[in-house]
Structure formats: structure tokens, C-alpha cells
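In the two assemblies presented below, chain A is common to both, partnered first by chain B and then by chain C.
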Partner chain A sequence: MSTLPEDGLVAVVKRDCPTCVMTAPVLGELARRAGIIVYSQDDPSFPDTVALRESDLGLDMSHRLKIEIVPTLIRLEGGREVARTYGWDRAEWERLSGLSDLGRDLPASQPGCGARNIEPGTFERLKVRFNETGLKSRRIEIGGDEDEQEAMFARGWSDGLPLVPPIEERVLRMLDGTGRDPQEVIGLVPPALAAATVEKIAVNAVMAGCKPEYLPVVLAAVEAVLDESFAMHGVLATTMFVGPVVIVNGAVRRRIGMNAKGNALGQGNRANSSIGRALQLVIRNIGEGRPQEVDRATLGNPGKLGYCFAEDEEGSSWEPLSVERGMKPGASAVTVFAGFGLQGVVDQKSRDPESLVRSFAESLKAVHNVKIAPACDALIVVCPEHERTFRDAGWSKARLYEELYRLCEIPGDELVAGARGIAEGGPASLAGKTVNKFRPGGLLIVRAGGDAGMFSGIIGGWSASGGHGSVPVTREVKL
Partner chain B sequence: MAELEARGIPTVGVATTEFIEGAKAQAKSLGTDPALVFIPHPVQDRTNDELRQLADEHFDAIVKLLVK
Partner chain C sequence: MTVLLDPTSERSPTIRPRLPRPDSLDGLTVGILDIAKSRGDVFLDRLDERLQERGIAVRRYRKPTNVRPAPLPLQQQIATEVNLVIEGLSD
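This part shows the complex of A and B:
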């Protein structure tokens, strides 16, 4: 890398810039009358009007000088920069150079072009090369002959599927997705109770395959599961099936292209899949929560790879889940729910809500076991065709909750251990009483799914639902 | 458990043998070495009498760790 003059003029240009080309004769004038060193970002032979040319193909000097626009003209005095101007502006160039009558054939001014060193990708590479990333995570060198994927698998970072290598440039770009300080601690992740900084979460978001614009949603989801009332430690360690299910509401869904429609709970949408996955990778890699270690799940469920979808808000007669739970309409928010799997509710014949709600209620009574009540919380995903039936009959969400609870009152006699030939069940003292399948506030309803198909779903919860265990948590998505 | 001990309350954890690995992993994550007694798995489906018997069988081991 060359050194700058103590006193004098320096310019940074690129041939691929009409303004730089236009000012080439002026640079020649400056070279003759005052002396100047010109750095070229893309072609060492440009401008041929100046003898003292330096190649800055590597963009090191441009980065050091923090060039943003070309041409940039800088005046140095006593080894320090005292003035600079960018683009072509006769008055400014004359002021900096102390010369008059520059570029008399040129217009008074003309804007410059974007400098090469700040192009996306290039900027991050330069920061990495100059060790200016500010990243605090450990750097891990992988041997030249090592396969990246095998190296990451061997280190135990994977959930079983390939990861995107979290190289510095990718982590920097991911952090561009948020305005938050990379060293802000979102919370302590169980079971290791290790600090999840925005940076560490970004690393896992990279590995999961997220785009930078997904990061605020991932951060909100991590914040939500780390709320004490969600009991993430228990949700992880349990022998039961559950993992965090993430429901996204508000403007962010459209902005990042989430799927609330056909196959919303399935594969194929990058945002749905990678956001859910990033959350699980945070638990694994920051919290050290891994299957057959602290995670004692007997079966678990496929959602533990990642379980995230957007609510289908547009055209629904119901308020979005986040609004139901206190967020402002339109505000972007996530709700996390300790849940598992999907129990399908098929009803292709009900034309009225009274009949349809019974289909839901009878299915709900089977969650966990028909003999267990109260069983757990449950998240009901109502498909658009079913929501239409409730909407056409004028049933608000509140009315639907009310009816579901009423239909989920179960005679204690049917629940007692041994009743119906099943040893599972409750104590004999339940006889003669009624018990609700769900605790008050234990049901959540969202709308999602494609417009064709009378197939809704129930996502069952954790038996430790409520104040003594896990409750759903809603958090705003902050950019 | 570490929290209870820190408050001066002697604490012993009791779990079934299926959780030995889980306990090891958690202890490693937190850097603790808790006092633990493991009883035969399972417990969920035990009758009250069976549970009382298990408690009797492991009583001495639990007390020993409490007073250590």
C-alpha cells in the first residue's frame, strides 16, 4: 500500500464513471499546476492525463480514506486531511486546489458515481480484511482440505441438516438487518444460561439460511422464548413432544415474504423455514440444548427442526392473534407457543357454525388423551374455508372461544382413571364434577392456510401449561 | 438446586435412572456438581404404595447426601 503525501492533493476515481471521465482533463490541469496523486479503483491506466497514478484495484486506499463517491478530491496538510469534495463542482475544486479557472469547458457541476469500495459485499470483505468488523465471536479456521459442511457437522452445530457457513462477511450482512447493537444481550439461553447477543443470534440465523431482513423476527422470537413465563428450560428438557411454535403477525409478514396461505405449516418458504430453524439453532448452539442431553423428549416432533408460520390476516373477520393479545393493529409481532405436531380437523359437510364448532371440540378432546383434563394449552389453526363458515354466521373470535370452552366441559365420570377401560385418567374425586379440557386462556385461535380445503389443524401444547409451566408470549418485532 | 444451596438449604435431587445422562449434561452446562439420587425408572405409573416403598429404599441415601 502506498503512502499519502504530507501536503497536497489526492483524488480517487474509476474509469467506469462518466463524471470521472469528464474530469480527467481537469485532473491533468491539477497535476500540471499543483501536483496530484490519483488513485484508480478499476483501471490503473486511467486517467492518462495524470502521470502520478496509483492502482487501487484492491480498494485498500479507498477504504482507508472512506471514499463513498467518485471522483473524490482531498486536500492534505501536515499529514492530515483538511478538506474534501465529491463529484465535480468547479467552485469546490477551485477552493480545494487554490487554483482558478478549472475545467472551463465543463458544466459548473455534475454528480459523481458510487464508489466501488462501498458496494454490498465488497464493503464487508474490506471490513473483514481490515479487522474492523467489531465481531466478538470466536473465529474458527477450517483447514484447506477440510469440507466446510463436514467440519460444521463434526463440531455439533447442526440440527441434522446442512448449515450455511457463518463466515464473517455473511454475519456482517446479517447484522445489517437490524439497527440493534450487535453486543446487546437479548437474554440467557437455557440450559447453559449463556448470553445470546444480537451477534450470536445473527450467526445462527446465517447458519439457518435466513436473509438479513428476517433477523428482527428471529430476535423477537428469541426474546419471547427467553421470557421467564415461557419456561424455555422446561419446554426443552421435557420428555413431552413440544418445542417453540412461532406465529408471526403484522406488516413484517409481507415485507419478508412469509407464507400464511397454501402449505403454510409445511415446507417451501424460506422465511417460514429458516426463522423457525434459527430459533432452534440458538437453543442448540448458544444454550447447549440438545436431544438426549438436557432435551429428554421421548419422540419430540418434526416441528423441532423449526415451526414458524404467518397468520392469514387479510380478509379475515377476526383480529390477528397479536392484536387479541394486546399489540397495536398492524404492528409486527411474534407469539411463541409451546406446541407440537398437527392434528388435522376434517369437516367438509358442516354448513353452520354450531355443527362445525362441534367437529373442533370433539377433536380437541382427544389432545394428549381423551381421558386427560385439563390436558394442556392448544393452538387452533382455522383454515380460510372454515373461518368463512364462522364469519358468514357472524361468529366473532370471542364467540368461538366461548362455544369451544362450553363444548369442552367433560363429565368427571368419563375422566376417572379406569373409566372407559383406560387406566389413564384422573382421581376418583372427579366423579360427579365437570372438568374443562383446557384452562381459562389456554386456547389460541389463528387463521392460516390455502383458500381451498376444509381442513383445519390443532397444535397441542405442553401438559405444564399455565403459571406453573409455560404460557404463550407475544413480543413486538423491533427493526 | 444450586440456587437453593446458595440460600443455605441443603438440597438433593431425586430422578429416575433414565435421567442420568440428562443430569450429567445439565451439570456440565452449568458447571455444577449437584447431589443426586437415582431411582429405578419409571415412576409415572407407580401406585402410591410402590412410591412409598421406593422412598423407603432410598431414604438413607438421600439423608446421607443432605447431611454431607
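This part shows the complex of A and C:
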């Protein structure tokens, strides 16, 4: 890198900038009358009006001088910058250079162009090069002949699928997605109870394939699962199927392009897929929660790669899940639910809510086992065509909850172990009583899915649902 | 060279340790891999004898050539059939 003069004028330009081209004769004039060094960001032969040109193709000097706009004119005295102006402004250039009558045939002023050193990607590369990232994570060097993907698999970082390599530039860009301090600790991730800093979460979000604008949602989801009442350690360690299911509400859904419509619970949307995956990678890598280690799941479920979707709030007659759970309407929020898989509720014939709610209730009774009650919590994902049936009949969400609980009352005789020829079941003392399939508050309803199709879904929960196990947690998405 | 940021809690070393050696060979099946260099079998046959004298199960394998890595099917076969592998270099 060349050195700056102790005293005198320095300019940074690029040929690609019309204002720089326009001021080339003025720079020549400054070279003759006062002396100047000009750094060119793109073409070392530009401007040919100045003899003392320095190539800054590597942009080191531009970065060091924190150039944002070209042309930038700087005055140095005693090795220190004493004045700076950018773009073309005759009065400013004259004041700064102490010369008069500069660029007489030019307009009085003309804005400059963006400098190359602050272009996305370049800026991060320069910060890494000058060791200005402030990132604290340990650096892992991968050999030149080593395949990055294989190296990451070999270190156990992957959920089984390829990862985006978390190089410093990508992590820096990811952190641009939040205003939070990279070293802020969001919580302790079980089972290792290791600190999840914003930076560590960003590293995992990079690997998961997130864009920077998804990071606030990932942070909120991590915060939510680390709330004591969610019981993340148990959700991880259980032999049952569950993992965190993330439901996103509010403005952030559309801002980051989440899918709440057709195939909302399926593949194909980057935000849905990568946010859920990032949360799981945080548990795996920061918390050291890995299958067949502390994760003792017998079968697990495909959603443990990532299970995240947005509620379809637009056009719904119901308040969004987040509002039901105390957030302000429109506020962005995530709700986490310890859930698994998807059980379909196919009903293409009910045209009134009384019939449809019975379909839902009878399907709900099968969660875990028809013989088990009270069972786990359940999240019901109501498709738009089913919601329409309730709406047209004027059923509020509260009414639907009320009817579902009422219809999920089960005669204890049916639940006793051995009844209906099934050994599974409850104690003989249930006979003659009535038992509800769900604890009060154990049902959650959201609306999602494509406009066509009378196919809703039930996401079953964990046997340890509720106060003695996991309860759903809602957290605001903070930018 | 690529530099990655460690996504983990950083409680394990950056250089992965080798798998620990077993404390004892009792009850384990030992694979002996002849890499197909000449006279390697002299040494490996003797090891085989000594292991069998101690009642340790031994399985023998041979690479088609010493100038290339073992073919993948052979690697997979060894991995599924034995608990540890001994290979020897001769010259």
C-alpha cells in the first residue's frame, strides 16, 4: 500500500463515475497549481490529466480513508486529515484547495457516485482483510485441497445436508440483519448450556442458508425455545417425536417473503426452510444436542430438519395466533410449539360448522392414541376453505375453541386400558367418568395453506405438554 | 485456504482427535488389511497367528494394489465386519 503525503491534497476517483470524468481537468489543474495525488479505484490510467496517479484497484487506500462517494477530495496537514469534500462542488473544492477559479466551465455542483470499496461484498472483504470484523468465533482453517463441505460434515456441524460455509464475510453480512450487539447472549442452549451469542446464532444461520433479513426471526425463535417454560432440554432429549415448530406472525412474514399459502408446511420457500433449519443447527452446534446422543428420539420426524411456517393472516376472519397470545396486531412475532409431523384432516363434504368441527374433534382424538386422554397439546392448521365454513356461519376463533373442547370430552369407559381390545389406556377408575382429550389451553389454532383444498392439519405435541413439560412460547421479533 | 467461523460452543479442539484405542482386544474382531506390497504378508501372517492363539477373531483383507486407496466396497466391507484394522507397510 502506498503512503499518504504528510501535507497536501489527495483525491479518490473512478473512471466509471461521470462526475469523476467531468472533474478530470480540475484535478489536472490542482496537480499543476497545488500538487495532488489521485487514487483511482478502477482504472490506473485515469485521470491522465494527473501525473501522480496511484492505482487503488485493491481498494486498500479507499478503505483506509473510509471513502463512500467518488470523487472525494481530502486535505492533509501534518499527516492528519483536516478537510474533506465529495462530489463536485466548486466552492468546496476552492475552499479546500485554497485556489480560486476552479473548473469555470463546469456547473457549480454535481453529485458523485458510490465508491467501489463500499459495494456489498467488497466492504465485508476489506473488513476481513484488515481484521476489523470484531467477530469472536474461533477460526477454523480448511486446507486448500480439502473440500469445504466434507470438512464441515466431518466436524459434525451438519444436520445431514450440505451447509453454506460460514466464512467471515457471510457472517458479517448476516449480522447486518440485526441491530443487536453480536456479543449479546440470547440464552444458554441445552444440553451443553453453552451461551448463544447473536454472532454464534448468525454463524449457524449462514450455514442454514438464511438471508440477513431472516436473522431477527431466528433470534426470536432461539429466544423462545430457551424460555424455561418451553423445556428445550426435554423436547430434545425425549424419545418422542417432537421438535420445535415455529409459527411466524405479523409484518415480518411478508417482508421476508415467507410462505403461508400453498404448501406452507412443505418445501420450496427459502425463509420457511432456512429459519427452521437455523434453529435446529443452533441446538446441534451450540447446544451439542445431537441424535443418538442427548437427542434420544425413537423416530424423530422430518420437521426436525426445520419446521417453520407463517400464518395466513390476510383475509382471515380470526385474530392471528400471536394476537391471541398477547402481542399487538401487526407486531412481528414467533410462537414455538413442541410438535411433530402432520396428521391430515380431510373433510370435503361439511358445509356447516357443526359438521366440520366434529371432523376436527374426532381426528384430534386420534393424536398419540385414541386410548390416551388427556393427551398432548395440539396445533391445528386450518386451511382457508375450512376457515371459510366457520366464518360464513359467524364462528369466531373463541367459539371454535369452545366447541372443540366440548366435543373432545371422552367417556372414560372408552379410555380404560383393555377397552376396545387395546391394552393401552388409563386406569379402571376412569370408568363412569368423562375425560377431556386436551388440557385447558392445550389447543392452538392457526390459518395457513392454499386457497383450494379442504385439507387442514393437526400437529401433535409432546406427552409432557403443559406446565409439567413444554408450553408454547411467543416472542416479539426485534430488529 | 478457506477460513470458517466455528459454529459450535468451542468446547472441543479444532483438530479432531483420533478415535481412542481399545483397552483390550477381548471380544473384538480384528481386521488385517494387506495393502499388497510384497512380503507384507510375512509380517501380517505372523500377527494373524499370534492373535488367533489368543482366541481373537481375525478377518483378512487385501487391497488389489498398493498404489491406490482401497476400493470403496472394500472399505465399507471392512467397516461393517470388524472393530479395528491393522495394516502394515513393508519394503
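Keep this in mind: the second predicted complex is superposed on the first by the 479 of 479 C-alpha atoms of A that agree within 3 Å, B and C clash if a C-alpha of one lies under 4 Å from a C-alpha of the other, contacts with A are read in each partner's own complex, and residues count from 1 in each chain.
Note that in this section contacts are C-beta pairs under 8 Å (C-beta built on N, C-alpha and C of every residue); 3 or more make two chains touch, one makes a residue touch a chain.
Being a predicted model, the structure only gives us computed values, none of them experimental.
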Pick one for A:A237: touches chain B only (first), chain C only (second), both, or neither. first
Contacts of A:N285 with chain B and chain C, given as first, second, both or neither: second
Between chain B and chain C, which makes contact with more of the residues in chain A? C
I'd like to know which partner A:E148 touches here: chain B for first, chain C for second, both or neither. second
Where does A:E324 make contact in the superposed view: on chain B (first), on chain C (second), on both, or on neither? neither
Examine A:V294 and indicate which partner it touches, taking first as chain B and second as chain C; both and neither are also allowed. first
First, second, both or neither for A:W157, with chain B first and chain C second: second
Given the touch rule stated above, what does A:R139 touch, chain B (first), chain C (second), both, or neither? second
Does chain B (first) or chain C (second) touch A:V203, or do both, or does neither? second
With both complexes superposed on chain A, which partner does A:A192 reach: first (chain B), second (chain C), both or neither? both
Using the superposition on A, tell me which residues of chain A are in contact with chain B and, in the other complex, with chain C. 192, 288
Would you tell me which residues of chain B are touching chain A in their complex? 18-19, 21-22, 25-26, 29-30, 45
Would you pull the chain A residues touching chain C in the complex into a rising list? 135, 137-144, 148, 151-152, 154-155, 157, 165-168, 171, 189, 192, 194-195, 200, 203-204, 207, 281, 285-288
For the chain C and chain A complex, residues of the former touching the latter: 1-11, 14, 16
Residue ranges of chain A touching chain B (in the complex, touch as defined): 191-193, 237, 288, 290, 292-294, 296, 423
